[in-house]
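Shared between the two complexes below is subunit A, which pairs with subunit B and subunit C, respectively.
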Partner chain A sequence: MTQTTPAPAVPAIADPVIQVRSVVVAFGGLLALKGIDLDVTRGERLAILGPNGAGKTTLFNVIAGDITPTDGTVAIKGRDCTFLPSRHRPRLGMARTYQKARSFDGLTIRENIYLALAGHRGRHWPLWRSPVDRRLDEEATEVAESVWLGDHLDTAAGELAHGQKRQLELGMAIATQPDVMLLDEPASGLSRGERERLVELLDSLAGEVTLLLIEHDMEVAFSLSQRVVVMADGAMVTAGTPEQIQSDPDVHEIYLGVEASS
Partner chain B sequence: MTATLQRASAGPTTRRRRAELRRLPAWAVAAAAVAAAVWVAFLADGTPAGAAVTDPGNFVVTLLDAVTFAGLLFVAASGFTLIFGLMRTVNMAHGSLFLLAAYVAIRVQEAMVGRSRNIDASDVGLLDWVVPMLVGATVAAVLGLVIQQVFLQWNEGQELRQALITLAITVVLADQMLREFGGLAGRMVWPGAVTHFFTIMGERYALTRVFMLGVAVLVGVLLWLWLNKTSLGMVIRAGVDDRQMVRGLGINIKRVFAVTFFVGSFLAGLGGVLGASFAGVAPGTDGDWLLNALVVVIIGGLGSIKGAVAGSLLYGTVVAFAPAYLPSQYSFYAIIVTFALLAMVLAVRPYGLFGRPA
Partner chain C sequence: MTARRLLTRGNIGLALLVVVLLAMPNLASAFFVNFVLTQTMMLGVAAATIVFLARYGGMVSLAQFLLVGVAGFMFGNAAVEGGARGLNLGMNPWLAVVFAIVITTAVAFVLGALASRTTGLYFLMLTLVYAVIGFFVFAQIVELSGPGGITSIQRPDLMGPPVRLYYAGLVLSVLVYLGFKALGRATFGLTLQGVRDDPIRMASLGYNVPMHRTLAFTLAGFVAGLSGVLHVWWNGQIDPASIAIGPSLILLIMAVIGGISYFEGAWLGAFVYVLAFTYLRDLPLIDQIGITEARFNTVIGAVVLLIMVLSPEGLAGIAARVWRRVNKPASAAPTAPAGGPSSAA
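And then the complex of A and B:
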């Protein structure tokens, strides 16, 4: 059925922050992405939906620079970043989180966030801690409080509960004040209360922040996004507003198919 | 439609299988440790050292032997574990760097003292020991950095390939060192200021060994400060947990790798100079010390500095106590106790005392 539906044409938009052009990713013989086009405007809240194996995370990795695409180009803020390694992304104002909550388990929460700040500003070489570092420490404390981790500053990240790890991850992404955030399943494994908090937190981000999220939880996805893109089998199936997607029979079929087989 | 979708995979199955590795119950090891302690304390008559209650002097000397040797082991193994922890590179050339630094330091000391043989400790000032040590360790550090940049950097993540490359380098270096420095044993001379004996519990003991322990403690403290109190140390600890994410934060981890390899090789060199002063070096010492470093980090857990301390102490204890407290006619079999220790640690904690599954 994915073959019968042509990928939706990308409308020409003003001020694109991310431009993905016919990106193909092959892992050996497996085509993980079969030519993806995607434009994201400044300040847009975009959710990417799709069953497991649809290529959502691969697309994220391409945009974040963790994977160099086999073919196609990626531009961020008008600059061609197809071959730019991931470590240069933060300086372009981009931050990401990962599908499995990732943090530096051996470091405390303060250190985790401090490192996100230090990496962003290239402050990780000096041998001696200076007033600059003290200011970064203070900033880290503020960020920790904004993600409700202010009471756990000196706890090792490895000891956090799953939901708290997600909060920390988000804090590390927010710390650098990015204008583009890629969130890979931020709500996975969270309780209902934690999800509401997450939505509240993401809603509170400034309007000019561009937000891309992969989400399995439709409630979270639909409440946060203005536009939804549905992927299946490495291709884009359809795109539209949350309301359009909710009533799209094709989307139902994709998801029902997955649910029946799992 | 608005329901949360079920995730297809239930979770990483490999993790679960690992957790099910069969382990020896801890009480069995505790019982073995208690039995060994009781043996040493009360029952060890007829051994070279004698039971500790009847011959406390020998016991103290053996204990000092254990701790001081552990210091040397720690210096030699800490660089190895530092490199592995961050880069997952098993640097088989660690022993070669150890030996090369020793040879270079011996040469430099000979040049500084102005004699090539029969150097007497009283001719050696503190600087005549410290400067060769720094030169030797720096040579090892630079060579380590070159090896990392030329051979290992573009093989990141290919652990087996890296291990084979460094093994090949070991063979080449061993031959070249034989050509340059000859096949005779060389020895670094301790500075005259510490070449004394002091008396403890009626036994004479060499101050040089205590000096060696002091150097090791200093190295350990500096390493701890570097890793825990500086931003770069924080990056390295973060990299041990998750290299990809460090990159994602905008940090050039390749440069961090280079610094780590430099420091790790420097520590190998430092160990070499200490080892050359302690027991002398000869062709083959490189392999011995690679093995020693491996034993320490396998006991302590690969990649953990804390583990290197614990591993050194345990290994040092066994190396010192086994020959002294086995019945005299079995002293030759002391080496077996080392491997019994290794087997027991691995049976209880398959990743070493402080190790984590990679």
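And then the complex of A and C:
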């Protein structure tokens, strides 16, 4: 067991977008998170690394409001959101993707993205179509094109290949132009070419967008992030710049060891 | 432009069907129109609310016939005047319609809200409980239901001749069919399908999932209420036994026979059921092979089983499959089966 260093080298930040304080999550007897502290500044690009079962997705679920932590607090943009249900997150400018793609399989790509847009705009109830919907459809089309799905607008999401599902997942997150994005393993299962396009796309996001990224692919993680946090066994092991993390012997032992030195 | 788009094969077929149905009173016997077809229309609308909830919302409801009954009882209580059974509110019959629909919709809202956090089998069981409780409420609160049911319920003068009731059922059916189909592409229909496919994702996109389920159930209750008003006009009476668990199951069976993911299936299932119910016992030799009144439900059960084995998507599913096969050679041209049900198994 490595000792828990509570997020070292984090400067006292001026403009915190996400503040996680001593968050504990227990699933029955299993402690998935054992007291996590994390501060993320506006515009920061943060990668979270760690072996399977480390608790990375659980941490995302807590920040995104899909799970209420057993203990501890979560604040977003200075507002305590510990008990705020996930459906209030889009209004705070937050969007996320899921590790296991969660698309609406019975609906087309355009409709999937439409729902992301309409959800954010508060257009939830109309019983008939109107010109507003036509504009949203046009926006959805543009978003689909930006994630290279422009040729599949009327394809049901359930019929997409794995890589395309990941692209749709990303499209639904960027559609609302969030300023905080949580991406859970966006590159998993993608081909090399698709990964390069993904990095390119994420690189092109506006500078003030805060990006939290869980990623197994080192190349993707290190090339996109300014800071890397390493988790293992429900705790934060270490944090630092990509260069520091790559040369950290502890990290090599628990995580990179298998990968040899990259 | 839009007129051109409306000329799909599905829409032309529907228009032809409506023309034939409008002409039915001149083509068929009064019994066939006023008994078989009128019932098909009323039950079809009620079954369509099951399809609506199942297809868009992923919720299979056993409470729709209860809501049909609530509307019927409320109309009876409101419209019937002194001396008869029930509350005898003696309202103007049209006001009584409004009263019945408002109460039914409100009941649906409350029941929907209570069920809004359940899905799948739990939702089915909860609505079964609603149907059972609803029956007992009307059976035991005799001030509302009789005692022994509310009889001599008059329909408004405008609806006097039975054939008008048939036309009313036909108009309502067409509106409900087109409305439910159009809703599938409108915002609320899309959000509901989103809730069906992945409620957690919907919540993280900003939607209030339980409220969506609740309002879907409320809308279905409103439409079931319209069917209930027609039903009580047609029947002239209503008693608690008519909304017991048996009829509630039968309505679900109609939707399943027809194909629970096709709106067409609601009316198809209702038609097949009413046909079977009306004519099966009159078939020659039927007594000899032992199908008596008491065994009628066994026959219906066997029919349901047969259809389910042939096609889990019901009769409409069989029809859609045949339709696709017939259109295979033609579909080399890039014409999507517009208007047709989109869910392919």
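Keep this in mind: the second predicted complex is superposed on the first by the 246 of 262 C-alpha atoms of A that agree within 3 Å, B and C clash if a C-alpha of one lies under 4 Å from a C-alpha of the other, contacts with A are read in each partner's own complex, and residues count from 1 in each chain.
Everything below uses one rule, namely that contacts are C-beta pairs under 8 Å (C-beta built on N, C-alpha and C of every residue); 3 or more make two chains touch, one makes a residue touch a chain.
Predicted model only: the values in this text are computed from it and were never measured.
Subunit B versus subunit C on the shared subunit A, clash or fit?
clash
Thinking of the overlay built on chain A, is A:102 touched by subunit B (first), by subunit C (second), by both, or by neither?
In the superposed model, A:102 contacts both subunit B and subunit C.
Of the partners subunit B and subunit C, which touch A:230 in the superposed model: first, second, both, neither?
Touch partners of A:230: none, neither subunit B nor subunit C.
Which one hits more subunit A residues, subunit B or subunit C?
Per-residue touch count on subunit A favours B.
Which partner chains sit in contact with A:160 here, subunit B, subunit C, both or neither? Use first/second/both/neither.
After superposing on A, A:160 lies clear of both subunit B and subunit C.
Have a look at where A:52 lands relative to subunit B and subunit C in the superposition and call it first, second, both or neither.
Touch partner of A:52: subunit B, not subunit C.
Which of the two partners, first being subunit B and second being subunit C, lies in contact with A:149: first, second, both, or neither?
It touches nothing on subunit B or subunit C.
Have a look at 9-17, 81-89 or 189-197 and say which bit of subunit C overlaps subunit B after the superposition.
The stretch that clashes with subunit B is 189-197.
Can you give me the overlap between the subunit B contact set and the subunit C contact set on subunit A?
Looking at subunit A, the two contact sets intersect at 64, 66, 85-91, 96, 98, 102-107, 111, 114-116, 118-120, 122-129, 133, 172.
Show which residues of subunit A lie in contact with subunit B when the two form their complex.
51-52, 64, 66, 85-91, 96, 98, 102-107, 111-112, 114-116, 118-120, 122-129, 133, 172, 176, 188, 216-219, 222, 246, 252, 255, 258-259, 262
Could you pull out which subunit B residues touch subunit A in their complex?
1-9, 226, 229-232, 234-235, 237-238, 240-242, 244-253
List the residues on subunit A that touch subunit C in their complex, please.
Residues 64-66, 85-91, 96, 98, 102-107, 111, 114-116, 118-120, 122-129, 133, 172 of subunit A touch subunit C in their complex.
Mind pulling up the subunit C residues that touch subunit A in the complex?
Those in contact with subunit A are residues 182-183, 185-188, 190-191, 193-194, 196-198, 200-209, 212, 215, 343.
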